[in-house]
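Read through the structures below before going on.
In the two assemblies presented below, chain A is common to both, partnered first by chain B and then by chain C.
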Partner chain A sequence: MSELQAGQGTALDVRADTKSTRYRDVLIALAAFVILALLPAFTGSKFLLDFVIRCAAYGLFATSLNLLVGYTGLTSFGHGMFFGLGAYGFGLMMQKAGVSVPVAFVSTLLIVLVFAAVIGAICVRLKEIYFAFVTLAFQMLIHSTILSWVSFTGGDQGLRGGIPRPPFLGIDLSNHLHLYVFSCALLVLGLLLMRQIAQSPFGYTLRMIRDNATRASFVGIDVYRAKLTIFVLAALFASVGGMIMALFVSGAYPEFAYWTISGEGIFINMLGGVTTFLGPMVGTVLLLILNDTVTRLTEYHGIVLGIVILFFAIGLRKGLMDFAWEWYVQRRDAAKERG
Partner chain B sequence: MTRTRKPGISRRTTLALMGAGAASLATPWVAHAQAKTIKIGMPTILSGRVAQLGTSSRNGVMIEVEKVNAAGGFAGRQIEMVVRDSKGQPQEAARVARELVNTDGCEILIDAEASSGAFAVHEVARDLGVLCIHTNSETSSLTADPKQHIPNAFRTARQGVHDSIAGGSYAAAIAKAKGLKKWATCAPDYAYGRDTTGEYTTYLKRFAPDIEIISESWPKLFQPDYTEVVTKILQAKPQALYTCLWGGDLTSYIDQANIYALFSQMEVFAVNMADYTALTVVKNLPKGIHSGNRYIKTYPATAENAAWGDAYKAKYNEYPTNWSWENATAIMLLAEASKKANSADGKKIAEALKGLKIKSPFGADGTVTMRAEDNTLVGYAIGWGTTIPQEPYVPEVKPGDWKTILELEAEWKKSKGYT
Partner chain C sequence: MLEIRGLSKSFGGVKATDNVSLDFADGSLTAVIGPNGAGKSTFFNLITGAFRPDRGQVLLDGVDLAGRTPPEIVRHGIGRAFQVASIFPSLTVEETMLAAVGADQRRAGVLHRRFPLAETRDRAENAMELLGLANKRRRTAATLSHGDQKLLDIALALVLDPKVLLLDEPTAGMGTEERWRMIDKVRELWERQKITVVFIEHDMDIVFKIAPEIVVLCYGRILARGTPEAIRRNQDVIDAYLGTDHHAGAHA
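Right, the complex of A and B next:
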């Protein structure tokens, strides 16, 4: 066997390996969807269903942010603008154009695509703090536009009067149960797609750019194009989160495009950890549980949440899933050593 | 080989316990529905810059709930309030409202949210069909726009358009008497500020057509420094100034404008001045600022109103706010409606509320009415007067004329395409 053949052999192995991981991911996603979809059969708790819908909205948003922060090393402070754009695009499309839900969904994605491409083209040239601040600036620009364009967006009172949801393909989103299953489907599908992006050769290119952009460009990678592509993709997934939120509250509000939403995204990533794919999803569940229980118990939730942030940032210095992953790896290695 | 049992709970027992726990968590409202108490949920803002909105709303509600409970509650059921913070975020307001109904088993919602939060809670009320009283949103379209209308939502707050008509006619009368032709405006740059200023000047010009607006300023909401706004107004040399700044913004504005002696150079009309949150905080309250009444215990000048204000002060060690009376009114109306329907059922109370007229310390003629056609409050005390630096702050208030207000409101609704 020549060296060339050997090289091909390993390449084939890797391909087969990624293929099997992909099947495994699809199976896990299917199982997760089935479990989530069957949940209402076991519990009548609307609170739980509301909780899962919100998890879907924030989870997609936070995981898409992790594609930028964790995988590419682009810390965006303005990712919330795409969450807001998704909510407003979808809401306005349904209210003013009176189109069907799938049409509004797809056209919102197209609108966000255009916005993200233009904003990304300007931002991804910059590094670190400059990137963070310019994304923040764009977010504030979009937020101010929403606030001042009262005749179109409703200004600071948001899109009023509810979002109409005509039934399509037998799905009636004004039915709470349908909305729940629909959100779960979007969540699982979105996570699966993002997982595929992260595990693809492109995903590994992103990690390389994160670790050493100069080296990546020497290898022949168009760093700018790769960064722009992931910026736009992440924006699209964030906007799906925004659309779920718009459906949940039956409206869109300027707060969805405010920097606090971006801040929450970053906080979720800190809570859950950025080294594992599911870290942000775990972070979302944690933050929402924390938020819901703490606001029930005390008016001083700010203090409690602040202490939790400090604990994670200064005490642990990593997210929960990072810990879980390290612990798992240690055990696995120890088991290997023992034979 | 013998198997030893570990002491403590076995795995099977644990599973059974967890199952039971989950089941009891999942179905709490079944128990609530038959309970003797009636829970009323109240999403409001208890943290952040406008936390005072939430606390004074809650105080206004609690002072009345205690009275109602002492008198037997709603058709024999004691009221239990569940007040929760929305942090001023509409999506949190929607979530909290849904949670209050779905999980905590609240049968009535008192929506003490501001601006966008009220519209978010309105959608929850539309979705869940629960009886909902909006107590703080003054945005007229919330009840005036037929697209917003749902039979289970009501408003017990004052309304932007009512204030503008009353304020416009009062200012026009003074403008005519004193020959004030050149006017300036100064309002916070967001929907409330823009809309209110627009409506106010429309009615001002309608009552006094020769008035001219020569300068407009739009400071940011919560702006700390008003120097450039004050100097801009002084340079324009208007004879009168209209402002709808409120709360901390209004008090900082007055403190800063005092340095430039602005108040001696023009007549000032500040619609939100006569509220204790502003009156008691300003360092040197100038004499002679014209203001609408937000809440003041001397207007309406009745023993009932004074007693209510004093009782509130005695209980909470501060004077009530505009939000306090609006929220207290919600409970008063609910109590009367429940008495009339002889029921604590939301649907029956909603039917009884329509067109209901009750005795009220806050009524212009001692009564307020829940107008049947659009489920909103009319007949509340509305008037304008001028300030003095010490209590009672606004000694004489000239009442607005509800006949004119209602006529012009109907006209306004028509012009907006609402009727």
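Right, the complex of A and C next:
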């Protein structure tokens, strides 16, 4: 019972640690934003900028799904419904109500909050597989509603005719460059906020629930409330992804609310890995590159993606960032032993 | 003071706990013994809210906690450790303690600050010191030895500053030597923390050596209660549980 561990921290340096990690995260976010924002100055490639915008939309969505899957152990198969709700909520608000972008943005968040609270209240009580299936059922319900309520949503044609994007605060989202920088800002800000959630005391409450929900309740944690809270928070970030998508395509289509979006979210998390915060972001970039190249090369892109998914799920059993992280930890520990 | 009044619970037709009434004085150390299936764990599960009692009261300092949820009961001051160490496998020892203190301070939902919170530091440190886990603080719970996992489980209960600590077989699955180390630890905690400790134990040598007070459960009912001496001489207990061999052996 007495082997000593390397690197015993005292109370003092841990306190300093927590402060500095927060500043570090903010600095990394700022640096990432500056690099992304300067990108158009070096390349005129519209394709590359479009790619980044799509990464922002899917990245926010996939990272928010990881808050549920990786941090809380809630495997939702219906998370894509909030992506779809975000896109439709925003698009409808702009088209029908004719409000400004910030107003539409905030009211969409409020609508999603209400939906997520009601759906979450029903779902998070359920155990693993039931949770997965009932979230999927809600997704299908929302998808069917969008399809059949033609007068309001345009049915299978989606919201056509473009989404009006009146300028606000000097930002004109119908300008491609403005839209690009705006999407990058939302991405970086969203990631920073989710990082804060993951590293907050609440983030550790989620980890406890994932590891052992029974024990968590015997430590005094209201497991239901914590699960519902993260379900709603994750839905909000997913809807921001949907809003970026709606702005990007200037419309909203039923596919945004279809179950395949949820499936792609799960796939991204498997590709990138769920043990690191940025795993899903890496997975997003990988999937989009894969998607773009494979569709260009073959019409059977489903088969290729399926094989890749099987390779990661059955062959590696881990995501790319999981490997990178393990490699880093090994090297760090080895360096410590030597030093 | 923890008072149990007429506590009952049936599963189907089986009375797992049958009209049990018991008092546990503040600062007492009590062992609960009984044959397999006597309802010892059920008794703990009813007190801590894991099961809802059919009837009866669980009074802690006069407040009835029967039928409340585990988080509520924990907050009122009844902590527990489990027969199979119930821990958070992916968290380190230190993170486990800090997060538990945070939960006890009602900060489990804090979003705007970073983990760990400075104000959780001292209590977490104390609990690790008390259970001798301080030098394993950076270890992930899953990598700890079986004995250390049991200690971590107890630390998780203790770090919440409970008035009453229920230990469900703290020595389960341990070798003889480790058992004694563990039970010495339990006794030491009891003496230092001045809390009410109730523990379930199978090893009669341990029970008779360290528990000032023993409760014998059998088929969900109290068969006997008293000092080790009284229990050892109790004819019902000998017939139902100890057997004459052990009775003779216990004096040796």
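What we mean here is this: the second predicted complex is superposed on the first by the 323 of 339 C-alpha atoms of A that agree within 3 Å, B and C clash if a C-alpha of one lies under 4 Å from a C-alpha of the other, contacts with A are read in each partner's own complex, and residues count from 1 in each chain.
Here is the rule we go by: a residue touches a chain if its C-beta (ideal position, glycine included) is under 8 Å from a C-beta of that chain, and two chains touch if they have at least 3 such contacts.
Everything numeric here is computed off the predicted structure, so don't read it as measured data.
Asks: After lining up the shared chain so the two structures overlap, which partner does A:R207 touch, if you call chain B first and chain C second: first, second, both or neither?
Replies: Once the two structures are laid over each other on A, A:R207 reaches chain C alone.
Asks: Quick one: is A:V219 in contact with chain B, with chain C, with both, or with neither? Answer first, second, both or neither.
Replies: Second partner only.
Asks: Based on the superposed arrangement, let me know which partner A:W259 touches: chain B (first), chain C (second), both, or neither?
Replies: Neither partner.
Asks: Is A:D292 touching anything from chain B or chain C once the two structures are fitted on A? First, second, both or neither.
Replies: first
Asks: Where does A:G44 make contact in the superposed view: on chain B (first), on chain C (second), on both, or on neither?
Replies: The first partner, chain B, only.
Asks: Please indicate which partner A:Q199 is in contact with in the superposed arrangement: first for chain B, second for chain C, both, or neither.
Replies: Second partner only.
Asks: Find the residues of chain A that appear in the contact set with chain B and again in the contact set with chain C.
Replies: Common to the two interfaces on chain A: nothing.
Asks: Taking the complex as given, what residues does chain B use to touch chain A?
Replies: Interface residues on chain B, with respect to chain A: 22, 25-27, 46-47, 84-85, 87, 89-92, 94-96, 98-99, 102-103, 115-116, 119-120, 123, 126-127, 139, 141, 145, 147-148, 190-192, 194.
Asks: Would you tell me which residues of chain A are touching chain C in their complex?
Replies: Touch list, chain A to chain C: 1-9, 11, 14-15, 18-19, 21-22, 196-197, 199-205, 207-208, 210-212, 214-223, 225-226, 229.
Asks: Which chain A residues qualify as touching chain B in the complex?
Replies: 43-48, 50, 54, 147, 150, 154-158, 160-162, 174, 176, 245, 248-251, 253-256, 260, 292, 295-296, 299-302
Asks: Quick check on the complex: what are the chain C residues that touch chain A?
Replies: Answer in residue numbers: 48, 69-71, 74-75, 79-80, 82, 86-91, 95, 98-100, 102-104, 107-118, 121-122, 125, 132, 135-139, 145, 147-148, 156-157, 160.
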